[in-house]
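When the chains are written out, they are named A, B and C in that same order, and each has its own residue count from 1.
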């Protein structure tokens, strides 16, 4: 029988950039009684986002971070909005270019991630605050 | 008991750029008998898209629009496809860089949006037509 | 009564770029007993992605591909990560800028796509391998 569950995670990245939250998400999933279904993660912020990326090569994550620094630099001359400092507007742009939410099929108790896929919080602020990720799971039990 | 509802919104942005549709979406949600669940918005167009962004600072939305004008400019020299004018191809690119659909958890009758998050139609055409946003809601009643 | 179905597609793009998988997805949907609901596609890779784009004008797809070649070029001087060749890091970046998953409402047996929308696998590797797309469908039968 189909059921659903709502939850949330609170995470804080140690530094700006990609922060692996795959285990935290898996941990929450493991605590639910749904083995097959659909999991949604929703980042309740506009200066942090979600992205599924390479889970092994640190250099790949570093290069991805550099790309976003090049494309949306912390250059006040580019922006009129600057309320919270030079990282404010780049944070909104980098969020818009990545994901606010991710929806992932769940099969036999595990997310349908590929071998090299991890789930990352993409923290865009220089002084990372706590971030809230809302979770929704719908599906059937074991 | 889990139920679902399908619906649609018709919206027209007054100008190109970010157009706040949070209230329209909330209004539809309020008219349904589902308090906890998952809401999906799907933009049925390739020259308009969806984005969750800062809901207060107009300057932030302005800067975001300028960013997309810089990164995907209306410059016919850059594109071969030009069937519907110089805003045609930039519209497709800006859509591909943002979202065609958004999936948002619903809890106690409200979307799990953060304090500073709004839902925006990102209109990319210079003469905005009516846009259709398909809606799907699944969950449980009060 | 609400039910769900899990499945997967295996697809291989003939060349890098946008590869139309709309018919393959529709074919799977047609084989299910759910007429109204929500369909999720999840690309289990970090060097290929999903995008909903113009389904008719080949020039538009060509221009979109050129845009991603300009914005994330195969230029080894830009990246430190290079394990699998010069197309490795651009592939991760182009994936991060587009979608790993798509969620699409289904109504009367068909996806709620607009007239000009198609679903594309965006293949980023020069020698495209087989790609796995996990599918989840939830909804009600005819």
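We take it that a residue touches a chain if its C-beta (ideal position, glycine included) is under 8 Å from a C-beta of that chain, and two chains touch if they have at least 3 such contacts.
The model shown is predicted, which means the values in this text are computed figures rather than measured ones.
Taking shared numbers over all numbers used, the chain B to chain C interface scores under half, which places it in the different class.
Matching the C-alpha atoms of chain A with those of chain C calls for a turn of 120 degrees, to the nearest 5. For the pair chain B and chain C, the distance between C-alpha centroids works out to 20 Å.
Chain B has residues 2, 38, 71, 97, 99, 103, 138 in contact with two or more other chains.
Partner chain A is touched in their complex by these residues of chain B: 2, 36-38, 51-54, 57, 59-60, 62-64, 66-67, 71, 97-99, 102-105, 107, 112-114, 116-117, 138-140.
Remark: chain C residues 2-4, 6, 40, 42, 44-46, 71-72, 78-81, 83, 88-89, 92-93, 95-97, 99-101, 103, 132, 134-136, 138 touch chain A in the complex.
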